[in-house]
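Input: a single structure, listed below in structure tokens.
By letter and in written order, the chains are A, B and C; residue numbering begins at 1 in each of them.
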Amino acid sequence: MVKTSAFTRHITSINDLSKREIELIFEIAQSYLKDQGDPTIHYRVGRSKRIASDYILASLFYEPSTRTRLSFESAMVRLGGAIITSADPATSSAAKGESLADSVRVVGNYADILIIRHPKDGAARLAAEYAPVPVINGGDGSHEHPTQTLCDMFTLKRKNKTLKNLKVAISGDLKGSRTIHSFVYALARFGAIIEPMPAKGMELPPHVDRRLKEEYHCKMIPGGETGDGAEAIDALYVTPDEPHQPSLFSGQEVDYGLIIQKKVDAVYVTRFQKERWTDKEQPYPRIDAKFLKEPKYSDASVMHPLPRVGELDASVDSDFRAVYFQQAAYGVPIRMALISLLLGLQKNNSLARFKGGFREPEHLVYDQPLNVGLRCINKNCIAHDTMEAQYVRNKFYLIKSNTDRSYRLRCFYCESDIDRFVVAHKKNRWFAEDTTLLRKATEQTIKDYVAFSTGEDAIETGFHSKRNDAVSPFSKKENLESV
Amino acid sequence: MVKTSAFTRHITSINDLSKREIELIFEIAQSYLKDQGDPTIHYRVGRSKRIASDYILASLFYEPSTRTRLSFESAMVRLGGAIITSADPATSSAAKGESLADSVRVVGNYADILIIRHPKDGAARLAAEYAPVPVINGGDGSHEHPTQTLCDMFTLKRKNKTLKNLKVAISGDLKGSRTIHSFVYALARFGAIIEPMPAKGMELPPHVDRRLKEEYHCKMIPGGETGDGAEAIDALYVTPDEPHQPSLFSGQEVDYGLIIQKKVDAVYVTRFQKERWTDKEQPYPRIDAKFLKEPKYSDASVMHPLPRVGELDASVDSDFRAVYFQQAAYGVPIRMALISLLLGLQKNNSLARFKGGFREPEHLVYDQPLNVGLRCINKNCIAHDTMEAQYVRNKFYLIKSNTDRSYRLRCFYCESDIDRFVVAHKKNRWFAEDTTLLRKATEQTIKDYVAFSTGEDAIETGFHSKRNDAVSPFSKKENLESV
Amino acid sequence: MVKTSAFTRHITSINDLSKREIELIFEIAQSYLKDQGDPTIHYRVGRSKRIASDYILASLFYEPSTRTRLSFESAMVRLGGAIITSADPATSSAAKGESLADSVRVVGNYADILIIRHPKDGAARLAAEYAPVPVINGGDGSHEHPTQTLCDMFTLKRKNKTLKNLKVAISGDLKGSRTIHSFVYALARFGAIIEPMPAKGMELPPHVDRRLKEEYHCKMIPGGETGDGAEAIDALYVTPDEPHQPSLFSGQEVDYGLIIQKKVDAVYVTRFQKERWTDKEQPYPRIDAKFLKEPKYSDASVMHPLPRVGELDASVDSDFRAVYFQQAAYGVPIRMALISLLLGLQKNNSLARFKGGFREPEHLVYDQPLNVGLRCINKNCIAHDTMEAQYVRNKFYLIKSNTDRSYRLRCFYCESDIDRFVVAHKKNRWFAEDTTLLRKATEQTIKDYVAFSTGEDAIETGFHSKRNDAVSPFSKKENLESV
């Protein structure tokens, strides 16, 4: 941690990138495409320029992923750089019981940029805290896969010039995969219209719905029959401050009717994860020629992160709307752009460079030792990995609701939200059952607060209920739980 | 499939290469050797020219093979190119249930040439149908290993200037390994004399014997005592239109006596595959110093594809006739030549370039959807892989016998031959128990025919026996089976 | 073996390097550091010079080791060279039953230098006997890891300018790990003072003690209270002919009192190997902030080969004395120096080049076929690997004691010492129960002697006890065993 240069920049979440930075990545990726001709056939890239010829990329893959790894490695090689690879968990130092925090500090001296793939949520962020060189998240548990999201967005952008007001249908399992959630947030940030088409029982979870509304200012338009015999849609998410496309306006007002009637620009098919599919009687929805015959999909690009395992029929491959192999191919120029920016190699480019360091956090950071107060609620979070126990902390962003002024905690590593907790004050030794106590917290004073899961936990640790509170924490707690 | 460029050339079988092309590969490999000096010590190659410096080779190895992979990668690097590697089946996309057809379409955008190793017979050919870049077969099941065959042939050529009339003894397990069969066919194509020396019960199978005779015009000379106390040989295969070496001629006639007496130019030792060896009482033949003391082997090169596991004694290593490590070393220049030709990098070379596309098939191709008619009889064929079910078809070459004008089907993927089948005509709705119906088939009309394993299958599918056939298919079938 | 060039040099043990050569490696490594700036942050090296651009390094790893492999590969790439990698034992040729001797002869033609990691002691030496290109030992069983030792020594040298009279405490498990023993010998060679701080029951074994005394001329100063309340030390090893540091002298005499009082310059923490720790009641010693508060460690660098698994507290990471991540980082320049020297790439460097061939052995070599006489006593020695049975021999260095003029045998491969054996003379057909018979052996006559484990073995093989010996070998043998 101490050794991380102040100018080292890491990409562990799509949220580590500003909109302007994402657009910069797209511009540079686009410039590589021009060199390459059509990326769907076959292309040779940028190697003539060899801007990365003095650099080494290390792939540290703690779980299998051939395509992600090969596409990063191809990107590095196309930039003229070299690669060193640890791809097999069984042959890694981790198999000897070494912590990720130690591994990246060692390998960070062998290479100039690290790609991390890890089964635990938030692992890439922990790696970034310790690595002396830039870290890119190549997928950490079910948390994030930011370069996949960049490819997805770039595919949409290339096909449609802009992301604003694009109507993007997301089909299948919208519940458990946080990479889908990241994609949805990114769409919202760029002003796309999101049409969830969940498989039965796999709807977007409430916390995503809330985040779309609270943090990305989405307005939800309730669903209904589309009028042409298609299935009912659940809802549409629209960012009201974004639609500038005249056709969707009625005078100065956004015309939601027009938005609902708008044809779908892209269908994003999510991977069927057999182990999560509980409804044995109903088949997982399958995108095929029949599905695409519906008029509203007549111009819809069909996207898929790949690999597919049955949810997207091979017969679609020859359809002009199929863009998923193109989408995969874009992985190379997108990653070339990202790597070159993180290594500071776009020097003679008129485009702006990335600023060093993590992107400035938008929220206060609560930071306590691991043995103090509440911990991340996500059991697959890297913060619960015993091998990392000496290196992680109880770190959370403090997110303020813009509806009721309450606070929630978002894990610094895996970005899970904790809604219910009590806040204690170290000096006063009391705690409050609601989170409003945090209103007075500043960057300086945040360290004086401790969060607990429950009042009991706070009391057990030696705190008492807020002195001017007439009700005991225990009776109060029942109320709390019923909220 | 749609995305394959018309000029992309693949090497999935030694038969994908014409004799002229094989000679071209040898010429270029030879030119790399000149740069290198003696390849048996240690050599550095062609890197100074770096003709592949803008290219990436991807190794996609679905089963273990260190030496094949490393020799391809060494070849690419010696040409100045870069490599990306997926070597562990357990960490590959296949482990996530992805089809090979999808994988090569994705990785084909990350690299400029693919090397495929796969446990299923014919997998490389399927990969080639879908990959947007050249595919080289690095071994597919027990089907083919064409670059191994090229190394073997090149070793013989280097040692003996020509392949014509070379007497090559093939020792050991000649039964089950199709890579041995490929080698035998290649020897026949180049006019070598083949002396099978099978282990007990591991003779060349009848279909290989037939193919040598029918398709490679070999004449078999029956075996007998060699006259110097050596074991009886089974037979010699000679291509009568090839022997131009005066010493083997008696006037204008080939003198088979001279051919039989001719000393052996090379002994090719095949690997002992324990799991296939059923005769526990008799040891697998072992090539050692004693064996090589026989006068007829006094000048015989000892070859082995390696690795060896006991069938070739280490004491032979220091014998001047041992060329197996040389043979392995030639893998690099041979693969350098092949890669550079497939990538079109021999531009300033006066030698001809490879034509794009598959080598023009010599036979009509029968091509039906997977659910129509008979299927490949080889259960290990990629055509039976459920993961590829959406991507393979019932595709066969139509091979015409030059003895009885009957036809057989040769699997497009794994090259297994099907001798017995019935042929139906889609429009007429009848079938015939023999294959002569196919005599009228042309490139245009072949799609109107359907092949079935048996008459029952044809009837079950709604066809009836040929109308002017007096006998019912069932009584007829018994006759068929007794043929 | 025949193919090994007389000028090919291998590094299989730290003892393969002379002191002058080790210093040369340090000089070159240092020169790379200058190019790089501070190696603890992040550095780019020598790639601009690309002196290895025509060369390929092959990693042949028969057991897992991410960090060693990646650091070799990083070093090669930083020199401008290319890498090919076989890192997974399960996908290697060994899985098919191929001997190491064959593997290196094949892969030695694909690459210009080999890094071998293998579970068997002495495997690297066997590989070196057969490889046509330089071999570097990347760790063979519990035998040696010479580049780790070079990193350790270089870290000490960098921090302290010289190794002479440095007081280096070695903490933890000093018993079973021969890599620790190698480190200790190297310290002795360079005149460092060694302070063993073993975990309970894990003291340096007697043979190491003896070797330090006999071969490295160490004098042991018995331990005692250090005077400041610290734990008793076992002993100090000092090389009396080395201390030239005036402060440690009292007139012309070495002042052992001063040496005992001297503060510790470095604490080398060894890895805790759970499976070897038998004393469940006592915890393995742990280096933490408290330990380092002792005044005698006030300037002591804390070293560790990494990975650590609990014996070195993470709280030490931010201590100014922690140098273990630096130590790991030095792996790259050290290996760059070694690779470039072995490949002969330091041509324009005014520094001397490595001489070809193995370092001239200091001792006579006893060399017999595997079925003759006694064998290595170390069951994990590569000489006992059945897969290598055709390639290894009973090879031993003949080490003469400088105290009692007796001899012992040191395994050529794994360097295990055999103290007790009987020596027979092939021509005379008799044997002697002591080893003094060997006094007359020369390079020419050593092949006439045969060593046996016991007199019985000799008799069974057809030898008889020395004729002028009155006592029968059996009664004598009892005496022998009581020695």
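Quick notes on this one:
Quick note on the criterion: a residue touches a chain if its C-beta (ideal position, glycine included) is under 8 Å from a C-beta of that chain, and two chains touch if they have at least 3 such contacts.
Treat the numbers as computed from the prediction; the structure is a model and nothing was measured.
A rotation of 120 degrees, rounded to a multiple of 5, brings the CA atoms of chain A into register with those of chain B.
Different-residue interface: chain A and chain C share under half of the residue numbers found at their contact.
Between the Cα centres of chain A and chain C there is a gap of 48 Å.
Residues of chain A in contact with two or more other chains: 85, 88.
Only residues 2-3, 5, 53-56, 58, 82, 84-86, 88, 90-93, 95-98, 101-103, 105-112, 132-133, 390-391 of chain B touch chain A when the two sit together in their complex.
The touching residues of chain A, when paired with chain B in their complex, are 39-44, 47-48, 61, 64-67, 69-71, 73-74, 77-78, 83, 85, 87-89, 306-309, 313-315, 317-318, 325, 328-329, 331-332.
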